[in-house]
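After this come two complexes, each holding subunit A, first together with subunit B and then together with subunit C.
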Partner chain A sequence: MADDFPEPPENGTRLRLVRDVLDSQMVDRKQCQSGKVDGIVAELRDDGRLVITAIENGLPEAVRRVSPRVGDWIAALGRRWGVRKGEVYRIPFARVRNTGIDVRIDLDAAATPLLAWERWLREHVVRRIPGAG
Partner chain B sequence: MKAGKVLQVALGVLTSIGGFLDVGAIATAADAGASFRFELLWVVLVGTICVIFLVEMAGRLAAVSKHSYADAVRERFGFQFYVWPILAEFVVDFLVLGAEIGGVCIALQLLTGVAFQWWAIPVALAIWLTAWLGTFDFIENSVALLGLVTLAFVAGAVVLHPPWGEVAKGFIPSGAPHEPAHYWFIAVSIMGALISPYLLYFYSSGAIEDGWGEKDLTMNRLVAGVGMGFGSLVQMGVLMTAAMVLAPHGIRVDQYGQIALTLVGPFGEWGYYLFAVSLGITCFGACMEQALETGFIVSQALGWNWGESKRPVEAARFTMAYTLSIAASTLLMVVGIDPLKLTLFSMALTAVMLPLVVTPLLVIMNDRHYLGEHTNGWLANGVVGLIIGLTFVMALVAIPLEYLGG
Partner chain C sequence: MRAPLKSAETRDRPLEVHLERLIGRRIHDPEGRKVGVIEEIEAELQDGEWVVTKVLTGPIGMLTRLSSLGIGAWLLGLLGARKSAGGHEIAWRDLDLGDPMRPRLRCPADALGPPAAARSKRGD
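== the complex of A and B ==
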């Protein structure tokens, strides 16, 4: 974990999930922009508590919030032709910190499907064009 | 102010002049002057005041929060809302970039006599190469310096000794002297060309590219005010030369070749070439901005790493986004769609989508989460409120007016 990664909030801290987490910019340990928070996962436990377990990233999940059917179509297209295979990537909420406007995630995005398209385009297309650096 | 700072402000102002004028601004202003002489100058003035306020806010948001306008709209209003303005912006960007590429192609047609369609692919390649190899600073500054050639329109207007009394009267809002549908159609198109959503997205992204912070707020105000003011002066120059050269001969603007006559009046044969060069440079600059803006908004909507100052391998999705955008819009010119008609149609369509783009600004600019102590005051909020009201009216009347008077 990077030294400057924020400590978890104190017990009892109020979190405005929709305002401060959903749709926020995710920034990883290396300060890399790693996508937006497209969904939030909650689990209903046996004792009746609703526990926030993860945040999600993936275009199908964002689009499902507008139209579940179109979101499913995009996921199906992704499974067939996509680099991420239509996968919606989940990040455990324990690795998430809300810091002001952005959401910090305690992982290296380059090693996850979050940057799969970036890697694929870089290796298969961009790097092959002269002047790409 | 220190010398370095003065230079930075001067460069910012120059950039605004270059960035202000595009194919839409030239076409709508020429149409206005040719059809109604100086009567529509007031619309340029009102539009410029609106743009100064909007651009200042977009710059302030980016400087303080380090987030662009596109970022903030998705974050505050959610994907369910943001998907609509962004889809609308894609459509408009696709058409406007096509029109701007068309502007460069027409300039080359005027200079060489070779039909504009043949220039579409070479022009697209030149735009893409500049974006691929250039940095944000290089593009911004070269567009700014080359864009100074458009001051020829201001010089042309002065050389023609305009009737200043009539010009002054043009700044007072008046009703249509004749053909009301056409009058109001041009008025809405001028506003659509001026209050263009891409300016908000591009300017705030540019402020982040340039690394602006709270210390740059004064510069932001100067660049927005003086830069946009000068830019509008050039647009007024186009309108005035059209009013003095085209209107007396009853020439209506339905081809770019006719707009070229505006500079032939004051400068003779050289004016023709000066017009072609001005149109080409202006539209080339606007193409760069429009293509990059498409890359910016896609990247920011989906939270990708982005930046024209990054090497292509460092922002592969961003570079692919602008590459695809240039390729798609080029097709519009390859198939031979008339650039002037496409321009005027795009400006009216821009007017339709404006409320979706501008309304969130009122909320975001009052959000302390983003702006801290730099939230809007009552004056800025009042002006944004008025602009939003204006955009709703424009959105309602744009298409009917296009049908009746376009």
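== the complex of A and C ==
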């Protein structure tokens, strides 16, 4: 529930992006673990300010940090065979409600591609296990 | 080869920067001297928007990232780390990302003042 989110931070609050955001576990409004933060996108405004606009989740983006070529290969493979079609899912930073050990996001991950692999595994593997659900 | 920082599909929109791809990049000053490697990026909430304000380089940035600045700096001292190895806090406005693959300082490295570890040891 959105009501569970902590109070919004005050003006002037500082945020360490690598320590508190990057690679942190995302948790949605239903307390469901929804993947890791693989990327942070900022926008360079006309006044010279660099404003954080979104976080990203997706294997290609995580791999591009190490090797853009391998990241592009993974994206291409994903488009052909992947459950998420190689998509890197972008979440507006305005939806980030808290950072730290977890990154709390104000959305329902089940309604997004964030949990596509979990859904695929549930439908194609777990459901076929005798005694499952 | 490192990933480009800018997103290719955003040419007609404001320039996008992938901040995670800045981590680990070496900063040079205008004279080509090495300043340090970006370990951490700090943002500040300004009128509802998170604005990048500075980057941290060197061990001080890494220790900050690991939430162990105090004990980490002490351990580095015990191990004989030089004060100059502390790293720098560089204001975003002092950083030139004209070539995002090679971030450069807009000012000489000397203008940054002593490394952050040395400042904190002096109690600045």
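Heads up, the rule we're going with is that the second predicted complex is superposed on the first by the 130 of 133 C-alpha atoms of A that agree within 3 Å, B and C clash if a C-alpha of one lies under 4 Å from a C-alpha of the other, contacts with A are read in each partner's own complex, and residues count from 1 in each chain.
Following the convention adopted for this analysis, a residue touches a chain if its C-beta (ideal position, glycine included) is under 8 Å from a C-beta of that chain, and two chains touch if they have at least 3 such contacts.
Quick caveat, the model's predicted, so the values are computed rather than measured.
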Three-chain arrangement built on subunit A, subunit B and subunit C clash or fit: fit
Subunit B versus subunit C as contact partner of A:38, first or second or both or neither: both
Touching partner for A:17 - first (subunit B), second (subunit C), both, neither: second
First (subunit B), second (subunit C), both or neither touched by A:93: second
First (subunit B), second (subunit C), both or neither touched by A:126: first
Which of subunit B and subunit C A:65 touches, first, second, both or neither: both
Subunit B versus subunit C as contact partner of A:47, first or second or both or neither: neither
Touched partner set for A:7, first subunit B, second subunit C, both or neither: neither
From subunit A, separation angle of subunit B and subunit C (C-alpha centres, steps of 10 degrees): 90
Lowest inter-chain C-alpha distance for subunit C and subunit B in the superposed arrangement, angstrom: 5
Overlap of the subunit B and subunit C footprints on subunit A, listed as residue numbers: 18, 22, 38, 65
Complex contact set, residues of subunit C against subunit A: 1-4, 7, 14-21, 23, 39-47, 49-53, 64-67, 92-93
Contacting residues of subunit A [partner subunit C, same complex]: 9-19, 22, 38-46, 48-53, 61, 64-65, 67-69, 71, 93
Subunit A partner contacts - residues on subunit B that touch it in the complex: 65, 67, 71, 74-75, 78-80, 82-83, 132-133, 301-306, 311-314, 316-317, 319-320, 369-370
Of subunit A, residues touching subunit B in the complex: 18, 22-26, 32-36, 38, 57, 59, 62-63, 65-66, 100-101, 117-118, 121-122, 125-127, 129, 131-133
